[in-house]
Amino acid sequence: VIDFRSDNTHGASPEMFEALQRAAAGNATSYGDDHLTARLRERCRDLFETDVDLFPVVTGTAANALALAAMTPPDGTILCHANAHIIHDELGAAGFFTGGATLLPLPGDDGKLDPETIAAAPPASCLSIANATEAGTVYTPAHLASLGEAARRHNLGVHLDGARFTNALASLGCTPADLTWRAGVDVLSFGATKNGCLAAELLVVFRRELAAAIAPLWQRSGHRLSKTRFLAAQLEAYLDHDLWLRNARHANACARRIAEGVTEIDGVAIVRPVDANVVFLRLDAHIAEALETAGILFYDWPLFGPDVYRFVSGFTTTDEDITRLLATITP
Amino acid sequence: VIDFRSDNTHGASPEMFEALQRAAAGNATSYGDDHLTARLRERCRDLFETDVDLFPVVTGTAANALALAAMTPPDGTILCHANAHIIHDELGAAGFFTGGATLLPLPGDDGKLDPETIAAAPPASCLSIANATEAGTVYTPAHLASLGEAARRHNLGVHLDGARFTNALASLGCTPADLTWRAGVDVLSFGATKNGCLAAELLVVFRRELAAAIAPLWQRSGHRLSKTRFLAAQLEAYLDHDLWLRNARHANACARRIAEGVTEIDGVAIVRPVDANVVFLRLDAHIAEALETAGILFYDWPLFGPDVYRFVSGFTTTDEDITRLLATITP
Amino acid sequence: VIDFRSDNTHGASPEMFEALQRAAAGNATSYGDDHLTARLRERCRDLFETDVDLFPVVTGTAANALALAAMTPPDGTILCHANAHIIHDELGAAGFFTGGATLLPLPGDDGKLDPETIAAAPPASCLSIANATEAGTVYTPAHLASLGEAARRHNLGVHLDGARFTNALASLGCTPADLTWRAGVDVLSFGATKNGCLAAELLVVFRRELAAAIAPLWQRSGHRLSKTRFLAAQLEAYLDHDLWLRNARHANACARRIAEGVTEIDGVAIVRPVDANVVFLRLDAHIAEALETAGILFYDWPLFGPDVYRFVSGFTTTDEDITRLLATITP
Amino acid sequence: VIDFRSDNTHGASPEMFEALQRAAAGNATSYGDDHLTARLRERCRDLFETDVDLFPVVTGTAANALALAAMTPPDGTILCHANAHIIHDELGAAGFFTGGATLLPLPGDDGKLDPETIAAAPPASCLSIANATEAGTVYTPAHLASLGEAARRHNLGVHLDGARFTNALASLGCTPADLTWRAGVDVLSFGATKNGCLAAELLVVFRRELAAAIAPLWQRSGHRLSKTRFLAAQLEAYLDHDLWLRNARHANACARRIAEGVTEIDGVAIVRPVDANVVFLRLDAHIAEALETAGILFYDWPLFGPDVYRFVSGFTTTDEDITRLLATITP
């Protein structure tokens, strides 16, 4: 089956299984106090060029909600883009974990916010940004930093939803530090499930006092695994030998190939800039039908207008998948 | 290292890794709508001899809190044993997931409740029982059924915390149905992590309307994995070829060997009946010191009195571990 | 002092004190099971021409939050106008009482929503409308009914924030039924504090099953007064001899007089239609300063633009207050 | 009707109405920033001989829940007596306001806790004591201070539920300071509704940093009245001319008269020491029936055993009420 529904429909990179098997050897202190998790922390300090605290979890929803709860009191407000995943796709997890905080959606082209929008927003506790965005676009470090600065001026904590952080990084070619704390990010939801792991997301905390707030809620929400070492093992394998970047570069290249392949075709319009691994296309009805008839899987995306569809490539997408997709689209 | 701290310090059964690798093949619908999860449901219907709804999660805390929230309104009360894990070890997860319900601890010998205690308790919404108990003891099907009946008479939902369900089952030699719905249990937290999986617990729901209450909270609490198939794969491998029962029988036998090995020794007292894989010993100071000097790991357990220590055996405990433990205890 | 800051800075109508004194006679069943509260219910059934359930409380925030919680699950969404009091002024009470639901602000001219906006909104549980609105405007029964119909089509419960319900009613000259259940309203926060009572708001429930959801939360949130009879007494005195309508008509007339008095004056612009007792004016700096110098109290209202100020008249505003205000504004 | 059901079935002291009427004059800054509330604070500083922060509210449930939430994180535990009002009568308000904290009931004779019990309890955040207790008994300052000391040693905040604080004070003849901060109390729920007010309870905060935690929740829970001056006015009248102490002394004397009147009577047993205004009697069936036949109102109290009934006197209980009660009990 050819599947462009989401990058979370892909399996897992082969490197994962060996890493898990190695991690299973012997007994280890439970609840994250094992040496694999400690080693991952050292690794992330190098990677991010600063001290960090880590909370491995199994879903992006958990990572996002824990991060937001650390920076937002129950009566606080979280600013985010009107298309944000935390508003549309997490069934109120932010409200649940914060004890009732308000999500305030803000407008912005191509899924991105601007510093002026933040400056004009009502008083709030926290700014949540996604990079890559839900529109498949990518913030540059400079753009991110301008948001971070606006946030600081208004005393907002800054959360980065990085479900597709590596896709953004691979697209920009900058360093992890440039896209996070150097741009004013306090907590990163560092996604790995969509890009090669079985189920592993890493909450990376750049401000020590926030870690103290996250720790009890991590356990209380049922997200502190007794065998956290199996999350650490996945994340280590993810970073080893640039697997994360190789996977993301591959997925991004697939999306670019789709975008380039449809530019000249009648009845097809690219709806958002294709910066990462997600392509939004407006398709004439007969093309959408042809794709369905061919058994190619994808989602329609009414949020971006009528006849708009989303195509997501992933780390196991093949050249043949793209070739078949383009052949079916091309008249 | 010889480690009797907990069964969650053990790695994972080798069968798991092959199953995970198989499960990674191809794309699959995300969020539990995959065919592996569907197949697991069929499997559990056979196993429990009744229709069930399933919610795979990664921790017992998540399983317990979701179950309790399905049966307890925010202003409700949950009855449980005074030693219950849900009171002492989950940092208020039940309060968090229910939106503030009250846990009411009830007394009972050897970690077990009696129907009279439930009949005499104030009005409540839910009864939560653990089997095996936190005291390492096991309820018989008849005892459980008497609690289930008392619960029904007082209109209480019944939750079974089965973090060590298989240890109880292996100890009793009865069927899963006898220990659950036939005894009045509405929702089971079916533990697997402590007994062979990497991280997999299964919420088994015996009353359809409760499943409808759990579904949104499953997602909202961040416990609905996009790649749920990797939990289903672990749980299937767990049930295949009786791996679950073999692992639990092994752990139980280790605990029995410890109990038998210390009965005649001066300065050692067995504090609770040893029905499953957990042994509570009162040790003279010099024995506790000798164990520590030998590098044998275990926890002290002040809840059960001064000088009481807990020894938990698991699926990777070796005969040699037990031999070394007994040799160190024996003068 | 001349005070146009809010209608909640006014004291209480003299009729209240006699009513409270009468209500104090003798012992009465507590927690709202007294005969004064029962009599109020009969009274409201006549007034609204339908059966109702009542929950007297002491603040609009409590009334609104209880109403919203009855219609919105923790993972639900509440649609409201972008200027709504429930978003800007209640410190997340809706999030607190619902257990984390999301407030989704929608655009609309003059503080009013349109049915098309509701039809285009994402899936939600509840629609909250204010009448009079936060912009001092008033929905007609027909406009309200079009919202109610849109809500029904999208399966939304409908809450009416009536902090200034009587001002709207007095402005329109229609019946309470026309502005509530006949227009599709399920629960009304019927305000009385701003219009003559000491502290009394009445939650009026038009759908019986919602009352069952509100009852426990009413107590649990600390809003079920042991001596509820003293709230019932205020509300009865409020309705007696048309006190409520007389007070509201007076306040509305004051606002109209302000609006008429400033229409021709240079440096003054009326920013929103003046339908009730609230006037928004854009004032040249020297006029705003002159008012402050004269000791006249009012709030600036940056939400409606630079140099915009809000003037609210109330049931104790005097003709002389208005005369002094206009004299100070007029060059 | 002769009513011994509760002190909250009584009306209100006549002094209240004049005070309310005076408070209604003129406009005043809303939400507690008025001069009456400021004056009350000065008054309470004198009364308690220390600086205090005040939050006037309308119910004891609100006062208790706000106090507990200021001292207990969502994953915290609150220690209290097994009979506590916060466990049995507030529908989980503490769980709601704290975001899910656990109430842990502790044993103790006559409704009182002992320091040893607190020392032996599991780790917790907060200790909640009631004085007078739910058993109608009263802690001495020395007993209270021993609890306060135990609490400090275990790092617990201390809440005093003073729904009947004045009855305790009048019974002991000590100062308000002796029964609160000098004994280690951090926050007092100072009850006034049961003893003369219409609806007024005062949260008295002895530690400044707790006030900062209470302030937003006060508003967010709907308990910050726009016309807070009407609560301040009631509380001022309550303290003026010793009204509070006179009312409590009267109610206490009534209870003593009941206790003395029944001591020698067959078929009647006093079940708990009568220290304040609440009397628990075990009555032979024919006596209970005689009382009901005579139309005397009271509650049965199964928590304290079979055939136990509670008789509460209040500030409007008359000598004749007592005479009639005793005459009906006496054979």
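We call the chains A, B, C and D, going by the order they appear; numbering starts again at 1 in every chain.
Note that a contact is a pair of C-beta atoms (placed from the backbone, for glycine too) under 8 Å apart; a residue touches a chain by one contact, two chains touch by 3 or more.
Quick caveat, the model's predicted, so the values are computed rather than measured.
Asks: Look at the interfaces B-C and A-C and say which one is made up of more C-beta pairs in contact.
Replies: A-C
Asks: Starting from the Cα centroid of chain A, hunt down the chain whose centroid lies farthest away.
Replies: Max centre-to-centre separation from chain A belongs to D.
Asks: With centres defined as the mean C-alpha position, give me the chain A-chain C separation in Å.
Replies: For chain A versus chain C, the centre distance works out to 42 Å.
Asks: Could you give the separation in Å between the centres of chain B and chain C, each centre being the mean of its C-alpha atoms?
Replies: 52
Asks: Chain D: which residues touch two or more other chains?
Replies: Residue numbers touching two or more other chains: 74-75, 91-92, 96, 99, 216, 219-220.
Asks: Based on the touch definition given at the start, go ahead and assign the chain network to line, ring, star, complete or other.
Replies: complete
Asks: Under the definition above, what is the set of chain B residues touching chain A in their complex?
Replies: Touch residues, chain B against chain A: 1, 3, 5-6, 8-12, 14, 16-17, 20-21, 23-30, 57-59, 61-63, 65, 90-93, 96, 193-194, 198-199, 216, 219-227, 230-231, 297, 316.
Asks: Given the complex with chain B, which residues does chain C contribute to the contact?
Replies: Residues of chain C touching chain B: 73-75, 99, 216-217, 219-220.
Asks: Within the complex, which stretch of chain C touches chain A?
Replies: Those residues of chain C that touch chain A are 74-77, 87-88, 91-92, 94-96, 98-105, 122.
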